[in-house]
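What follows is chain A paired twice: with chain B in the first complex and chain C in the second.
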Partner chain A sequence: MIGRIKTQTVEASQFLVDWMEHRTGIVTMLEHFLYEPVPKRGAWLYTLGSAVLFTITLQFLTGILLLFYYAPTTDDAWNSVEYIMTDAYFGQLIRGIHYWSANFLMAFIGLHMGQVFFSGGYKSPRELNWIVGVILLLLVVGLSFTGYLLRWDQDGFWASVVGMKIGSYSPFVGGYVIHFLLGGDVVGPATLSRFFAIHVWLLPAMIAPLIGAHLFLLRRHGVFGSEFEYTDRIAKLHERQRLEEYARYEADEDEGEPYVGRRDRADREGYERDGE
Partner chain B sequence: MYAPATGKAKPVEEEVITEENVFERPDETIGFFPGQVLKDGYVSTFILLACVVLSYAAPAPLTEPANTATVEYVPRPEWFFFFYEQMLMFFPGYALISFGAVVVPTIFIGLLFAVPWLDRSPQHYNAVSRPFASVIGILVVVVVVLNMLLAVSRIMNFPTA
Partner chain C sequence: MAELQKDPITRSDFLGFGVMGAIVGAILTIPPAAFVLSPVIKTDLLGESDVGSGWVEVASVSEVSAEEPSHFKVEFPLEQVYGERAIQKKYPGSQKSDMKYKLDNAIWLSWKAPIKQQGRQGSTGDIVGKPERPAFLDQKSEGFTESERKEIMSRLNVLSNSCAHLGCPVRWFPHEQLFLCPCHGGMYDINGGWVGGPPPRGMYRYTEAEVRENGKLYVRHKYDIEPGLDKQQPYVV
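Showing the complex of A and B:
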């Protein structure tokens, strides 16, 4: 009895898998994505990139949940955040994750960038992935700047005022940019609406496809990792080059010149020249 | 010739390693699944746990409601802007502030974009074999960290100013 249920379940799931594969190719795709070989030695280092990916995913998820209660008007914003913290079910947890994960995101994005920089991961053919990364960094900084104002508390409000003031010092464009962000002459209801729109719609809508491009390029070129992933291959390359050089000297032996190492030869030639 | 470093290019024994293909595939690989996914999973779990614990141990801050009338309130930026705020103090006065606040960072960001073209030698991945890039990188880190420390010490010594 149990045996029969087992075989039937196996058959049914096999049927489902085949059905999906035939119509979408999803199984081959999953195999392709999941069994990709990646560098082994520094695997822990390369978790930095995925830590960024994880924290920004947390931001998206908890951000959507915060929107259930948050009200982006000057009258209600602070109260709605207060409500989230005190009354809403798991409100403190959701806002806490959004807040702490944002802080971790900033730290991890810096560490990820540092790791890539110091291992030379931006070199050809991965230049564009670096470019996409820098754009992502700027957008994430934009997220944290616009998010701070949304609380509509003293800290967020005055920090934004200072930020806007700093921005207004931009040569030539400062006035226009700030006027666009403020939606008026001072930080007010229009500013909150715009920061909200930018924080919740504009920047996430730009970041999501760029992350897609980042991961696409990553897969296209394979993870580079660091030079220590290639020690054996570099050693083999040098060994082969050494042997080839040796063979070249052997071919020269007909001319009666014995093989000497590069260093010896240079020394001897230098010595002979000195002796002349 | 373009060749993706997927590790599926050729069986290892036949391959002749040249200057061009030496970095095409690492010596040792693991499958993305389960090897890398598992490690990523550990890290993610740890981050999530940390966030949950911190949510209750150190709840997300919320100060008094914004009051546009209090002109002397001294706001504090978030910690990752500390270095920037601190750096601005080296550019006093109207003439310099726009330089420090906008021009210098813009140049820096421009250089950041240009990194792959400022450092193009294809075989020098190791930080030691391209000392110029590494020294610049370390200097940037040192400047950022020092500015952050300055900002923190200022905040601790003058909590309200």
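Showing the complex of A and C:
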């Protein structure tokens, strides 16, 4: 009885998998995504990219949740954050995750960049993925900057003022950029609206397809390509060196005299030739 | 080799696509760009400000302390987004005009201290004496004559609390006898002159300030930003 149910379940799930595979090819794709030979050396370092992906996913999810209560006006912004923190169920948890994963996101991005840089993962043909990654970094910095003002407290307000004034020192475009961000010539309702629009729609809408491109390029060239290429090349080098050594010894054996003696004779001959 | 264009394209087709593309592109991009950039166009090209240009009352000048700077809060009317004047005129009872956001600035008022030795920006600050309060302020606090009002204005420092470095609010520290900035350690003397730290200049002064017969000081939202340099200067927030 139990055996029959088991066989039926296996058959049904196999049918579902085959059905999906035939129509979308998703099973092969998942296989390609999930089963991949990983080099032993520095295996933990290769989780940093996934850590970035995980934290940024958390940002998207908790950000959507926060939007259910947040009100982007100068009158209500701080009060709505206060409501999230004190009255809403699990509000502190949701906002805490949004806040802390934003901090960890920046740290992970730095470590991820360092790992890619020092392992040479940016080299041909992966240059474009590095460039996409740097654009992603700038977008995340923009998100951190715009998110800080949204809580509309003294901390976020003055940090944004200082940040915008740093931007205003940039040559030629400084004033324009600042007036674009401020939505006028002073911090006010327009600034909050703009930062909200940029933080919640503009930058996430830009970052999502770029994450897709980043992952596509990653899949196209393989994660550990450079790593394997490197170990391959090292292995080949060692092999060649070994063969050359052998070849030398074999030559020595043919002449019937040890390597050192042959070198000495060669030196002597050279000396004599010089003397002629 | 990767090939993008399989069919050859004629010259007239190419030019036609170019012209059509430019027209369609302009129709598609100009309205949204102008929509998003309208504050930039209004502030930088048309020279408009969101801050009302009217006079705002600060305080009675007799309240300014003789030894130290005193600070006063001013509220400038703001016409940004939902404070817009036209909307308010059109719909006086609308929710839009009920929004409470105002531009709060703090003003530091102090009596000018004579500069005994001129300092140099970036190396040393001025060496200043004691602040000089006009003596007639002990007798009366209003109904000043024309010459008295002139004297008050020539002796009064009307300073913005916004640091000239990156705009943090500065505060007077009586023990150090300096204005100190909490963010990056900017230091100013009682006249608002640069003493130390990263600010590239002294504190911003209100260029349009006047004392009226009731003994009160009025200001407008204008600062001594050098003309021509204002695109490069960090804006006073």
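Quick note on the criterion: the second predicted complex is superposed on the first by the 227 of 276 C-alpha atoms of A that agree within 3 Å, B and C clash if a C-alpha of one lies under 4 Å from a C-alpha of the other, contacts with A are read in each partner's own complex, and residues count from 1 in each chain.
FYI, a contact is a pair of C-beta atoms (placed from the backbone, for glycine too) under 8 Å apart; a residue touches a chain by one contact, two chains touch by 3 or more.
Predicted model, so just to flag it, every value in this text is computed and none were measured.
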After superposition on the shared chain, which partner residues are touched by A:190: those of chain B (first), chain C (second), both, or neither? second
Pick one for A:240: touches chain B only (first), chain C only (second), both, or neither. first
Just to be sure I read the superposition right, which of the two partners does A:182 touch: chain B = first, chain C = second, or both, or neither? second
Once the shared chain is lined up, is A:40 touching chain B (first), chain C (second), both, or neither of them? first
By the touch definition at the top of the document, which applies to A:231: first (chain B), second (chain C), both, or neither? first
After lining up the shared chain so the two structures overlap, which partner does A:174 touch, if you call chain B first and chain C second: first, second, both or neither? both
Check the residue A:162 against both partner chains and state whether it touches chain B (first), chain C (second), both, or neither. both
Could you let me know whether more residues of chain A are touched by chain B or by chain C? B
Is A:209 in contact with chain B, with chain C, with both, or with neither (first, second, both, neither)? neither
Partner chain in contact with A:73 - chain B first, chain C second, else both or neither: second
Shared contact residues on chain A, chain B side and chain C side combined as an intersection? 74, 158, 161-162, 166, 169, 171, 174, 186-187
Spell out the residues on chain B that touch chain A in their complex, using ranges where they run on. 2, 4-8, 16-19, 22-23, 25-33, 35-37, 39-40, 42-44, 47-48, 50-52, 54-56, 59-68, 70, 73-80, 88, 97-98, 101-103, 109, 112-113, 115-117, 119-120, 122, 124-127, 130, 133-134, 137, 141
List of chain A residues in touch with chain C within their complex: 73-75, 158, 161-162, 164-166, 168-169, 171-172, 174-176, 178-180, 182-190, 193
Can you check the complex and tell me which residues of chain C touch chain A? 36-37, 39-40, 42-44, 49-51, 78, 80-83, 99-101, 103, 165-169, 183, 230-235, 237
Going by the contact rule set out above, which residues of chain A touch chain B in the complex? 33-41, 43-44, 46-47, 50-51, 54-55, 58, 74, 78-79, 81-82, 85, 92-93, 95-101, 103-104, 106-107, 110, 114, 117-127, 130-131, 134, 138, 141, 144, 148, 151-159, 161-163, 166-167, 169-171, 174, 186-187, 220-227, 229-234, 236-237, 240
